[in-house]
Amino acid sequence: MRRMVLYSAVGISAFLTLVPIFLVLVQAFSAGEMLTFPLPGLSVKWFVRAYTVPEIRESFLFSVILAVVSSVFSVMLALCGALYVSRNGGVLSRLVTILALVPLVFPAFILGLALLFFFKAGGVNAKLGLLIAHIVISIPYAFRPLVEALKETPLSLEEAAQSLGAGPLSSFVLVTFPQIAAGVGTAWVFCFVVSFSELSATLFLAGPGAMTLPVELFSYLEFQGDQLVVAAASTAQVLLTLGMVFLGNRVFRRR
Amino acid sequence: MKQQHSPIDGSQADVVLAGVEKRYGNTIALRSMDLSIERGELFALLGPSGCGKSTTLRLIAGFEQPSAGRVFVRGNDVTRIPSSKRNFGIVFQGFALFPHMTVAQNVGFGLRMRKLQKSEMKQRVMSALELVGLDHLADRYPRQLSGGQQQRAALARAIVIEPDVLVLDEPMSALDKILRDRMQVEIRRIQQRLKMTTILVTHDQEEALGMADRVGVLNGGRIEQVGTPRSIYETPRTTFVATFLGASNLLTGKVEGYDGAQAAISVAGRVISIPRGGLERGATVPLSLRPEKIRLCAHSPFMGKVKEMTYKGSTTYVEVDVNGVSFAISGDSAQIRGQHCEVGNLVGLEWDARDVVVLEDVAS
Amino acid sequence: MRRMVLYSAVGISAFLTLVPIFLVLVQAFSAGEMLTFPLPGLSVKWFVRAYTVPEIRESFLFSVILAVVSSVFSVMLALCGALYVSRNGGVLSRLVTILALVPLVFPAFILGLALLFFFKAGGVNAKLGLLIAHIVISIPYAFRPLVEALKETPLSLEEAAQSLGAGPLSSFVLVTFPQIAAGVGTAWVFCFVVSFSELSATLFLAGPGAMTLPVELFSYLEFQGDQLVVAAASTAQVLLTLGMVFLGNRVFRRR
Amino acid sequence: MKQQHSPIDGSQADVVLAGVEKRYGNTIALRSMDLSIERGELFALLGPSGCGKSTTLRLIAGFEQPSAGRVFVRGNDVTRIPSSKRNFGIVFQGFALFPHMTVAQNVGFGLRMRKLQKSEMKQRVMSALELVGLDHLADRYPRQLSGGQQQRAALARAIVIEPDVLVLDEPMSALDKILRDRMQVEIRRIQQRLKMTTILVTHDQEEALGMADRVGVLNGGRIEQVGTPRSIYETPRTTFVATFLGASNLLTGKVEGYDGAQAAISVAGRVISIPRGGLERGATVPLSLRPEKIRLCAHSPFMGKVKEMTYKGSTTYVEVDVNGVSFAISGDSAQIRGQHCEVGNLVGLEWDARDVVVLEDVAS
């Protein structure tokens, strides 16, 4: 009985998540002109069309660059925090943990709003605002795997290195870092993916010359409404995301 | 910051703690400890968890700094010297081998930090591995080794740098019983061959008794007794030492008087003589008598009823009630059977006068 | 040296996250008519004004209802999944874990897009679409604390109850559930907060009669642009969020 | 599904396993096990981790189902009966007390499930708590209890339902050494008072030897020997039993011939007599001789050089090399000292002929 409840719950969740997404992904390969089911035929023409729209092409590129840059910063900042937390107890350590995880529950759109107001007043450009927003929003996703990786690395390894004559820097580089490399990789993939698909805060901060793919797709859909172009672009985004996650799993596999 | 000091005494001491204290906030982990460890000896710091032995180790190794007092190594004050400059070889609890390095790379790490030449490094690594019998596994990774092999690799890594002091932190705790016994003998053998000053931190009294030249028993951040294994086992000074180093009958005696050098002490309603002076007449003194020192016999002043018998294989444990005082006796199973010892029977107890030890602390 | 790097990293992150948000929150209490610093004076007039905008008032209420309903579903579905995962190993267990955590990295806006297309084709109303999207997006936030709570509850407790004569249902209700109650509470608060501030997927699905506060604020800002009304409404949202998290910590505190 | 069967033998057996097997995928956890546990006895299942003892317990308790074979309790086939209907009292490893219930609620849980009346329930809970000496802590929560008190509460919870069988799963593993010894005696006492059929699962040979009426030694999913503690300790049947139940000298002997009922067997270049028949002349046989059965003496046919000495407090461990065969001897420290035993000295070894046990498995 209980087993049946469990199975059906899992089934429902899977259905709700996967079926609609799957349908959109399939539609992107439609040979027809509209959203129809079953597909009239298979083609990649919608991908070609999406690529020929300059805004979509440019925003895709911008998204990739933004994701790469912001994820590098996120991982570095999160690593500093995670190192502190895993090596120290006390109030400050708990404060850092809370601070690093705040963006996870804090409404991202409010961060976007705040940065918008802030930069308008300060006259700073939109790109910096987006970078900051993406760094802040993806920090928690980097922080968790890094803290976990560091917690699995006994402090005694570093102490062993030090007792053998290694200074703080060499013991970190030669001993601790190789242990957490997989965690760093995971953290980086997470940050990339989060930044790449961020919409809530980005919506407020994006503007001419600093337009990400999700925002571009949203406004494209609102103003031109060519749904299959959007489906194709989304599919490209999903495939890149999945590719990153797969790559992360492969390259940074534990053990 | 490096200062030259002579050790607090003029002996051959290699490691000296002088009034070392450690506080964490309001809790005191170590109380003003004085300790000196001779050159070439194997000194065991023995105590239960939380007794301060790990803290002592961390202070000696330089991972933490004392709140007060000083640490000297070969006459040099190293209190403020970081671990990486102390030249100690440490075998960590759980071994702390670097997982991403082979055995040879692990062992060579300390030499690499010392910027040795490749060829000399290789040669020293191999001879250290040979010493611990691991030369055939130099290219394995730690995860490919058994517990005992990891232990050996950790030992090789610690001794290859020719440390001033070798520190062993609960080195056997990750090993099973049989392997533990074997490694005890082996580590002892290597230590004696290299004549390396060694500090063994352990909670296992058998390990301390079996391996050490001298043992320091710690309790509650204080050293309760320092001495050879035999002296601390056979003449414990406090109740804690008596019970932590094996089972003991803790008895309460009353000093009745003296007969020459023999103190007459009443225990369980009978008077026994103990070759011991300096006790106040009429005083109540705590006594320790080890269960294996008591023999069963047919007749003796101490007659009692057998309350409990537990067969333990080679030995049998017997509990006998003598005038309301419970005596634990541990003896060879065959001998105990020979004394017609059954629950409910009346048996006599006897022991040598010198096996009763007068403890120094207040009886509880 | 290393210590300094750590401190400055934490400082930078805190500065980036907290300062802009703090400024917006402060502006909401401005007595002036524009974003200015320092404040010309303190007042709550912007809260009153925000409340008098019917769209903002109604969308706030809708957001609360949506968050309550979707979070209850998320927690129930996540609990089923977490029970299965913590009691069973194997391929299916790992599949459930992956499935439950997919929405965490999967672009939420694509889910919104997919549901939009799907429901347009099926002709189902926007409210159901929003409910599904919010359930799916918040499931990972419920799944993690629940799995952790269940992992901390030894299976032997349930076995003990069964050996004493309790059936599967009573052993769960009487023994297991009380152990994980704190985890369930945490999960629920997380889900509520996530749903309450979701914007990425919601943007595509919201419509007349099914408008959440974040979407409403976004379009209000775009078309009317009264920044201080938005600041006040955002502040109300942040305060409610913080209140929920605080409450969750208080009521469902472990031990 | 409930079937009535008579047990496989006509004895007083309370729990019977008949050909029980357990496979997980391709790995076999238990191999066709036959076991019968008499009414009222305390039966210990002893073995190292991974030997299958936990699996056996889980099959008996009904948490898992055997891949083949049947489980009978008091003559009833319970193989397919869920745990909740078996009426077994189980003391879990780690105790598994319900953290959100008081001690009284914990102990009363089984009675509540049996829908007893409030008043009777209360009375039975109190008398169970009195039995284990915990009546004054009925309103405490488990986290407010010490390890020993938690142990007692778990025991009270298991016995209050008046189970057909009491199962103790590594009951002492969460307790420290001193408490463990005390609880062994206490649990044994309660078990004997209630005359409750009890299965003790443990990896601790002292626990099994000290508590059980009979012991079954498991290894690799197979029962190697069943017998009283004394019989399995003193006459082990296999190398595994000989070494798992304490240290043992495993020697290799060659059967030279017979002198009446005495087999003449050559060991380490000397011939010894063993009162044992049925051995093939010329065969190589594995022998077991416990270290504590060997005595040191000045002269004997077995003379050897002391290679190693380890002081262990009450006993001293000595390793002697006799013609290239290493003998481990464990003896009273004072007696060993009396024999002028020092590393490098020549000493004689002697033992009683009946202490040499011929093992049945192939010498390794």
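A, B, C and D are the chain letters, set down in written order, and residue numbers restart from 1 in every chain.
Basically, a residue touches a chain if its C-beta (ideal position, glycine included) is under 8 Å from a C-beta of that chain, and two chains touch if they have at least 3 such contacts.
Labels paired with UniProt names: B, D = Spermidine/putrescine import ATP-binding protein PotA.
Just so you know, these numbers come straight off a predicted model, no measurement behind them.
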Pair of chains joined by the greatest number of C-beta pairs in contact: A-C
Subunit B and subunit D, separation of their C-alpha mean positions in angstrom: 30
Where subunit A and subunit D are represented by their mean Cα positions, the distance between them in whole Å: 56
Gap in Å, rounded to a whole number, between the CA centres of subunit C and subunit A: 18
In subunit C, residues with contacts to at least two other chains: none
Arrangement of touching chains [line / ring / star / complete / other]: ring
Chain-chain contacts as defined at top: A-B, A-C, B-D, C-D
Subunit B to subunit A touching residues, read off their complex: 61-63, 82-90, 92-94, 96-100, 109-110, 113-114, 157, 161
Parts of subunit D lying in touch with subunit B, wherever the complex brings them together: 178, 184-185, 205-206, 209-211, 229-230, 233, 243, 245-246, 290-292, 308, 310-315, 317, 330, 332-333
List of subunit C residues in touch with subunit D within their complex: 154, 156-157, 159-167, 170-171, 174-175, 178-179
Contact set on subunit A toward subunit C in their complex: 1-2, 5-6, 9-10, 12-14, 16-17, 19-21, 23-24, 27, 35, 37, 76-77, 80-81, 83-84, 96, 99-100, 102-103, 105-111, 113-115, 117-118, 120-121, 132, 135-136, 139, 168-169, 172, 190, 193-194, 196-200, 203-204, 214, 217-218, 221, 227, 230-231, 234, 237-238, 241, 245
